[in-house]
Amino acid sequence: MMSVAAARALSGGQRVFVGIGLPSTAANLARRTHAPDLVLVYESGALGAKPDRLPASIGDGVLAETADAVVSVPEVFNYWLQPGRIDVGFLGAAQLDRFGNINTTVIGGDYANPGVRLPGAGGAPEIAASCREVFVVVRQGVRSFVDRVDFVTSFGQGRGPGEREALGLPGRGPTLVVTDLGELRPDPVTRELVLTAVHPGVRVDRVRAATGWELVVSPDLVVNPVPTDEELAALRALTGASG
Amino acid sequence: MMSVAAARALSGGQRVFVGIGLPSTAANLARRTHAPDLVLVYESGALGAKPDRLPASIGDGVLAETADAVVSVPEVFNYWLQPGRIDVGFLGAAQLDRFGNINTTVIGGDYANPGVRLPGAGGAPEIAASCREVFVVVRQGVRSFVDRVDFVTSFGQGRGPGEREALGLPGRGPTLVVTDLGELRPDPVTRELVLTAVHPGVRVDRVRAATGWELVVSPDLVVNPVPTDEELAALRALTGASG
Amino acid sequence: MALIGTLAEAVAELVRDGDVVALEGFTHLIPVAAGHEIIRQGRRDLTLVRMTPDIVYDQLIGAGCARKLVFSWGGNPGVGSLHRFRDAVEHGWPAPLELEEHSHAGMANRYVAGASGLPFAVLRGYTGTDLSRVTANVKPITCPFTGERLTAVPAVNPDVSVVHAQRADRAGNVQLWGLPGVQKEAVLAAKRSLVTVEEVVDELEPVPGAVVLPSWVVTRVAEVPGGAHPSYAQGYSERDNDHYAAWDAISRDRERFGDWLAGIRGVAP
Amino acid sequence: MALIGTLAEAVAELVRDGDVVALEGFTHLIPVAAGHEIIRQGRRDLTLVRMTPDIVYDQLIGAGCARKLVFSWGGNPGVGSLHRFRDAVEHGWPAPLELEEHSHAGMANRYVAGASGLPFAVLRGYTGTDLSRVTANVKPITCPFTGERLTAVPAVNPDVSVVHAQRADRAGNVQLWGLPGVQKEAVLAAKRSLVTVEEVVDELEPVPGAVVLPSWVVTRVAEVPGGAHPSYAQGYSERDNDHYAAWDAISRDRERFGDWLAGIRGVAP
């Protein structure tokens, strides 16, 4: 359901910067269903990749073979991401806070002596800064959904309104967080993430219990429609072929 | 004789940054005679070009077709010239002064209202700065060989010893000037260009008369050997095929 | 996504009086036909940007389209001077021409900065030359790690960049090969872009050394076979060296140039 | 000109204790066999540089070759953590590992600066993140034209860069294609370089999308078919996804890792 919900958020000929895993599944699902003109850009340098199966890594051969253009890693960051040519950046997170800041670096302890050492930044800090908007795809739980991340790997809204603008960050930051329970979006005024949708069969209490801060629920909360047969078939075709 | 003398100054597997015209003729002649391993780099982006005829411009198709690698213009300057990977840069000059400074910008008047407007800098300022050494190929005459150029397009030795070092320029600057009359090299102490060789049949008086400053003649002045049959044949093959 | 149409439509829509316009192509793939269309449509007050203004810029300058030239080498390659360019600089004919002059390394890096969404680029360049004295757009910059002094140049971001390429597909993806010059950077640095191509094909077969510009960074594509003449398109045509040589005589003389111009404009001289 | 010889000779000659060593390859063309040879020859106190330290760096770190890691993403792609890397950082086993941590954009630009002979690079990056707080090698820089604040990172110039490519010719010219990663920059930024190749051939036939590194910027070439396994070489092999998954269990356990290490070193566990 996470990939289906994330796929639904994509539309038309958007240019999407895709990481591996759920983002790649969601973007490819969207391209196979309602958004065939979606342009998939992988940080490994594949522009306009059209994989027929899900790549296991961001550098799979199928990406280069099906891309409109293949460029170097410096070029993908300097010529394609940095100038704001990408509409949507997809990011994962080990920790996400109420202002959409992302941590993929260290949890617990301090930076020099961390409790858990995570993989680090990768392309995320600049994806979060330069894409017009960012979609975060992450499983929801009290340990991952925290009031304040232990380390800001990728900047969301800092501690609230005006911070992105003050830093001169061109993109809007995370505008959508898709989890296994529902969807969160930043409140236009406070910039805090609020619950705007739940997946079918998920109760708001359960989402509250899986959130490490006092979760605000949107007055316009919706329940997402169940995945259509078409979506499920496309998903099976993508993942079946890769497994 | 100019191209033959310039060709003779090249050796072994030197990497040579080549402009069109006499430099290209000289470098190709050297590659065809005593220096088959010479690596020719054209600012149009052809690395290791091996043309079988003289290209009419620095961007002829034959350069890309015979090159080891073809790169963009930004790359040729940033990755190949700037870091000091090139041994010898070949330059022409409209005006050259006693300290090897080169003018290809304006002659007479001032910059805003010049007597003669020349083509300008091209790649020359950075070739003069970054190549380990620079060979200048130019016809000699009182109007072109001046005490001080009207405009410093490419820096030689400024007004004397220590100036290149003070500016932090990595290369040695012009170490050889080949003309239709002979050869000049900078004096190791004064850095002023002095006459070190004359071509066969050229008298020193004639060179003096074609120089716009009080020309110093090296005590070790030599007379260049006449072009060999091999050199003349190779030259004919190159230019004949292009004509 | 790039719109595919005629050259006349594309120039009419993309190139406006007073624009900063870059026609790029380093000896190879020079968009000459597009330059002639700009002349034909009578654009005025253009700031023309180009590393190597050659015949086509001599023509644009002589036709009175340009107010300013931003460049690094202005000559007729392998032949000599550009006489229309010289006439404008030396005698203000047909109009004075403001110059902003750089080195190739500087211009190339200005395009790189423009394509990268950065306000400036850093290089080792211009040191000790009079260029940095006469060109305001060259400044020193200090490395924050080593303290070393280097040179900064500002990004160039043309209103329109025009390039010529071998092929485009029907979706407007563009493919060019051979010496790639600074075309990718020129297109990516520009607000709008026009690519003239030798042919529009169903499928872009991969070619060694090819650069592909995705359709979504190109504004318009126009099929103009031979659109680079007298320069060339590798795989399609050869450089017409005689044409370059012949331009010298036309360009030297205001009257002969006037006849040439009338021909281009399609009016009797 | 590049010398062509064995991998053992090349590593013995080029990689010295205490060196700054970069093994590059972005998912594709990772020089894994060369990493194993560095382990086999028992190099120590290396500063290992790599954008995406994955299995081969987990192995080098677990084997005690590294003093410091300079990187932007350290994980087992598509699988999870690098447990030898985590063990070194979290518990100092087998030795403490100093970290210098960047973003991909930052690391890529550090290589670009290194390849360009510049002391630093400018980018829009790190803004608002804690990375710029913990990494000394990230500093603000001001545009001398617009006054805008940007980010500077210093050049990286490894003592040795090691990459894997599809082919070299007998003169040592190297050709690679598919996703090109940051390999050209890594080689051009380095003082010395080693390229392992799938095969040495008489002639490098042009291939679409190929990058060619001329022999004169490569120090040594070694023919090592399959030298990128478990990553892949486009046109020669496929990524061995099972091997990546299997590494997780080996890497989790110091003893199982010890057995693996003994196997690599060619001694009985």
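To keep things simple, chains are lettered A, B, C and D as they appear, and every chain counts its residues starting from 1.
The working rule: a residue touches a chain if its C-beta (ideal position, glycine included) is under 8 Å from a C-beta of that chain, and two chains touch if they have at least 3 such contacts.
All values derive from a computational prediction rather than experimental measurement.
Participant: Go through the assembly and pull out the chains touching subunit A as well as subunit D.
Facilitator: Chains that touch both subunit A and subunit D, as defined above, are C.
Participant: Go through A-C and B-C and name the pair with more C-beta contacts between its chains.
Facilitator: Of the two interfaces, A-C and B-C, more C-beta pairs touch across B-C.
Participant: Mind checking the centre-to-centre distance between subunit C and subunit D? Centres are C-alpha means, answer in whole Å.
Facilitator: Their C-alpha centroids are separated by 39 Å.
Participant: How many angstrom lie between the CA centroids of subunit A and subunit B, rounded to a whole number?
Facilitator: For subunit A versus subunit B, the centre distance works out to 56 Å.
Participant: Just how far, in Å, is the C-alpha centre of subunit C from the one of subunit B?
Facilitator: Inter-chain centre distance comes to 27 Å.
Participant: Which positions in subunit B are in touch with at least two other chains?
Facilitator: 78, 82, 130
Participant: Scan subunit D for residues touching two or more other chains and write them down.
Facilitator: As it turns out, subunit D has residues touching two or more other chains at 117-118, 123-124, 148, 184-185, 209.
Participant: Which chains are in touch, pair by pair?
Facilitator: Chains touch in the following pairs: A-C, A-D, B-C, B-D, C-D.
Participant: What does subunit B use to touch subunit D in their complex?
Facilitator: 13, 15, 39, 47-48, 68-69, 78-79, 82-85, 130
Participant: Touching subunit C in the complex: which residues of subunit B?
Facilitator: Those residues of subunit B that touch subunit C are 20-21, 43-46, 56-61, 63-65, 70-74, 77-78, 81-82, 105, 111, 114-126, 129-130, 151-155, 158, 163-164, 167-170.
Participant: Would you tell me which residues of subunit C are touching subunit B in their complex?
Facilitator: My answer: residues 26-28, 51-52, 71-75, 77-78, 81-82, 85-86, 89-90, 101-105, 108-109, 111-112, 123-131, 134, 148-149, 178-182, 184-185, 209, 231-232, 234, 238-239, 241, 244.
Participant: Taking the complex as given, what residues does subunit C use to touch subunit D?
Facilitator: Interface residues on the subunit C side: 117-124, 137, 139-141, 143-146, 148, 150, 152, 154, 206-210.
Participant: Residues of subunit D touching subunit B in their complex?
Facilitator: 1, 115-118, 173, 184-185, 188, 211-217
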